[in-house]
Amino acid sequence: MTITFETIRYQFEHLSSVMNENKDFLIELDSAIGDGDLGLTMSAGFAAVVESMNKAAETDIGRALMQAGMAMNNAAPSTMGTLIASALLRMAQATKGKKAISDVEYVEMCKAAVAGIQDRGKADVGDKTILDALVPATRALEEAVESGASLQDSLEKAASAAEEGFDRTSTLVSKHGRGHYYGEKSKGHKDPGAAVGMLIFKGLRDSL
Amino acid sequence: MKKIMNRPDRFANETLEGILRAHPRDLKAVGDDLREIVRANAPQQGKVAIATGGGSGHLPVFLGYVGEGLADGVAVGDVFNSPSAQQMYNVTRAIDGGKGVLYLYGNYGGDVMNFDMAAELASMDDIRVESIRVADDVASSPKGEEDKRRGVAGLFFAYKIAGAKAETGAELDEVVVVTNRALANLRSMGVALSPCIIPQVGKPGFTIGDDEMEIGMGIHGEPGIDRTKLQTADQIAETLTRTILEDGPYESGDEVAVLVNGLGATPQEELYIVYRKVDEILKEKGINVYHTYVGEFATSMEMAGMSLSILKLDDELKALLSAPAYSPFFSQPQL
Amino acid sequence: MKKIMNRPDRFANETLEGILRAHPRDLKAVGDDLREIVRANAPQQGKVAIATGGGSGHLPVFLGYVGEGLADGVAVGDVFNSPSAQQMYNVTRAIDGGKGVLYLYGNYGGDVMNFDMAAELASMDDIRVESIRVADDVASSPKGEEDKRRGVAGLFFAYKIAGAKAETGAELDEVVVVTNRALANLRSMGVALSPCIIPQVGKPGFTIGDDEMEIGMGIHGEPGIDRTKLQTADQIAETLTRTILEDGPYESGDEVAVLVNGLGATPQEELYIVYRKVDEILKEKGINVYHTYVGEFATSMEMAGMSLSILKLDDELKALLSAPAYSPFFSQPQL
Amino acid sequence: MTITFETIRYQFEHLSSVMNENKDFLIELDSAIGDGDLGLTMSAGFAAVVESMNKAAETDIGRALMQAGMAMNNAAPSTMGTLIASALLRMAQATKGKKAISDVEYVEMCKAAVAGIQDRGKADVGDKTILDALVPATRALEEAVESGASLQDSLEKAASAAEEGFDRTSTLVSKHGRGHYYGEKSKGHKDPGAAVGMLIFKGLRDSL
């Protein structure tokens, strides 16, 4: 399929309502091994992204994502807000100058996003972070698209992988951010950032 | 929640408004963002500039160390939250005097990521940026994982040393080298006796029993290493001093600077009672105290408790520590 | 009672031991009485000397204002108790530089009687002594009975002005005249949000409800003028500023110095939120703020609350306020 | 009768035990309209006086009282300690160089003490202070001695007057010291300093 800026804008509009609906869920998770603000920052951050995209006269996907990234960071300069801003900036680089992208380019864009988070946060899979949802999800997405599945079906697979990844974080010890200070005590709690990763891929699935 | 404030969501901004109204000779905002504050005379041409930043709720950290012989600008976040990369970048541009900018701040995830992002933005403007993260809290990660440690009151020494070096007209690399040497010589550790309340949250994030204290708790209430019955000042001094001395490069014959820092609610009288014992232990060990700072240098709003920081000096560090400094929050003549 | 200390009965002495260990370059004890402390370079020949004193538990009052451009010596009492006349007399002898001694202290019964007794002892040694009692708290007695008012944070301005004048080489009478003029131009008032605990008593002398505050409470917990629900920072700023402006000689066009003082447990952030509104009100009234001090200048150990002091300036007072000063507790370059 | 330094020393030894026995009584009174330390400061202060007198090689009453006054002030620099120290210093002036004094001189010495307190504290009778016990007591003492009564009998009269004076303080509004801050609320409470005045005259009566 052909993905335009409008497709992406609509996806973020949906993600924004997902974050809003899951505010308390994220607050609860982040209260256990963090500072409890994740629900607030994600609602505020995604709302700012949507506001920025709605204002954008741009149909250049790259430029619009660039502005959206700065908007996310200004509205939510928390760890997760900054990681997602970094992801948006890399998505912007990957789509610079393009008014429409293909399925394969969509996958590349998602991979760029995850690489942005990895480069910014310097975490590895297994460190109990958002990456434990995002990395398996993008891998599933890429494999499905490569095997010829539709983007819809591929996002379905990605969302399932993200959810499994999120669930698995309860077995992990946190190695980054505030969760890290809890050390072994972080085990048994699911990672709030990974929940965001899961919500993102479920949201992308539901909004294509 | 017994705070003197108006609306909790305006806590950080109204603090900044008050600061800008109180100190117009010394500080100014960049553009009209209260959260981006620089020395009134910024940028200073021909001087390495120092930018810092972090969450509100720790005065005089971070804003209080913007001044002569200290830092040049600060990006201020909400209570206990990082400012944005954009704000840091704006501050960077407002203070750059052509000799590059040092980012000097506490080692917290959100701050690290935002300062890194700001550095990338600045590099697109051909502003040279180096970053140093203060990670002095020995209680926050074991030896061998020093780079995971949090930055606490030792930030003061980092600003003092880097700021004095920059003021000499040194190059960015030289400022980096001496600041890193200071940080290698610096250790801190604290105890908390009571929690503090984030205004927008309205209740403490954790509790400490009426007869309890927590050793090694972070300045945002991060869990410490031991929850014990309230100890005497001498016992606390012993624990902190011995842990720091074991972790760091301190030896008999060394000369050090000492900082006994109050977290907010603890009276200065109590800090001096602790220092009394710290000084005794250092003397016993043959460690010579060159200069002692006692007071509130890095706080957690109304948290009760204190921290100890020890900086080992060499000739250059001693000269830089002794240099005059002035901000509305910290002032020192030539020692 | 959550205090970082050892034995309650050693609280004041161990504080002093810590202070003398921390600041040997700046302060020394007279003989071996820790309770009698003077500048390390006392006596200064050819300078009017300033002695102060009072109970412990108010740092940086009183000891913290012994330094260059400030006072020369201090007699320190137990927590919230006067030192003895003998101690004041010993301090007097240790600082007298041949030009006479000014006793400058807060207007509390015990202190007044002991300083008067000390002055009688000193006169037997032919040391000329003049006494000025700081009585700046408008809440502590109505207009017309100003001489019954208590001395609170305005003490800081008294030391700053008198100390700067003495440093110019002025005669004792001249120091007295300008200090009295400053005091006539000075008013303070505060609010308390929580009590503090005298270490040897071990429990608060009174309570303030969780949602209450007391307007006009003294720094030893003396009863105030109104017990109300906790008000906003803006409301508190309004009450204090308007009461002070009505009581004192302030007019549109005046230039003033302002001090927002924390009583101990109240974070500096909150003090600045209050200042924000104070500044607004003063601007509205056409009163020009020359310089603002915000921080802990006179405390009641861990009491939560703050006070506001306003000093009306004339040319001489402005010059004296602007003069540099240095003690281990307060440092100011030339403004 | 002839009063020597030993008589006076013995009287203060007795006063010291009186203050010690009344520690809680004084604390209670001072807690209501003061800071509650009066029991502690009076015990400590009078103990210091006795210690000083016991050490005194002096039989010169004046010199011994002078040293006792400084000892009182050093041990108890509180309001009451300082007032009593001032009284002792005036008693010293009144007995300078004397090894023994007469009844009349004893009365003069007591009057000097009260004058010392008046000069130091600048309070008047009726201001709800120790003076409300001391002034009527010394007046009664003086009248009795002048009318030819024995010093014992005269002190009996003085003690009664002191007690009446103390009792009357509950009708007064405090004008000095911490009690002053209570204003009208100080009414209904007896004055702690006046209690000290009463205890002194009862003690002098019982120890002659």
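As written, the chain order gives the labels A, B, C and D, with residue 1 at the start of each chain.
As a convention for this text, contacts are C-beta pairs under 8 Å (C-beta built on N, C-alpha and C of every residue); 3 or more make two chains touch, one makes a residue touch a chain.
Keep in mind it's a predicted model, so treat the numbers as computed, not measured.
Enquirer: Which chains make contact with subunit A and with subunit C at once?
Expert: A chain counts here if it touches both subunit A and subunit C, which gives B.
Enquirer: From the C-alpha centre of subunit A to that of subunit D, how far is it in Å?
Expert: The separation of the two C-alpha centroids amounts to 82 Å.
Enquirer: With chain centres defined as C-alpha means, what is the inter-centre distance between subunit B and subunit C in Å?
Expert: Chain centroid spacing, subunit B to subunit C, equals 29 Å.
Enquirer: Need the CA-centroid distance for the pair subunit B / subunit D, whole Å please.
Expert: From the centre of subunit B to the centre of subunit D is 57 Å.
Enquirer: Just give me the whole-number Å value for how far the CA centre of subunit A lies from that of subunit B.
Expert: About 33 Å separates the centre of subunit A from that of subunit B.
Enquirer: Hey, what residues on subunit D touch two or more of the other chains?
Expert: none
Enquirer: If you look at subunit B, which of its residues touch at least two other chains?
Expert: none
Enquirer: So how do the chains connect up here, line, ring, star, complete, or something else (other)?
Expert: Shape = line; chains linked end to end, path left open.
Enquirer: Within their complex, state which residues of subunit A touch subunit B.
Expert: 35-37, 70, 73-74, 77-79, 82-83, 85-86, 89, 120-121, 176-178, 180-182, 185
Enquirer: Hey, which residues of subunit B end up touching subunit C in the complex?
Expert: It comes out as residues 2-6, 11-12, 14-19, 21-23, 25, 56-57, 59-60, 191, 193-194, 210-211, 230, 232-234, 236, 264-276, 279-280, 292, 294-296, 299, 301-302, 304-306, 324, 326, 328-329, 331-333, 335.
Enquirer: Which of the residues in subunit C come into contact with subunit D in the complex?
Expert: By the definition above, subunit C touches subunit D via 77, 80-87, 109-110, 113-114, 116-117, 140, 148, 201, 205, 218, 220, 222-223.
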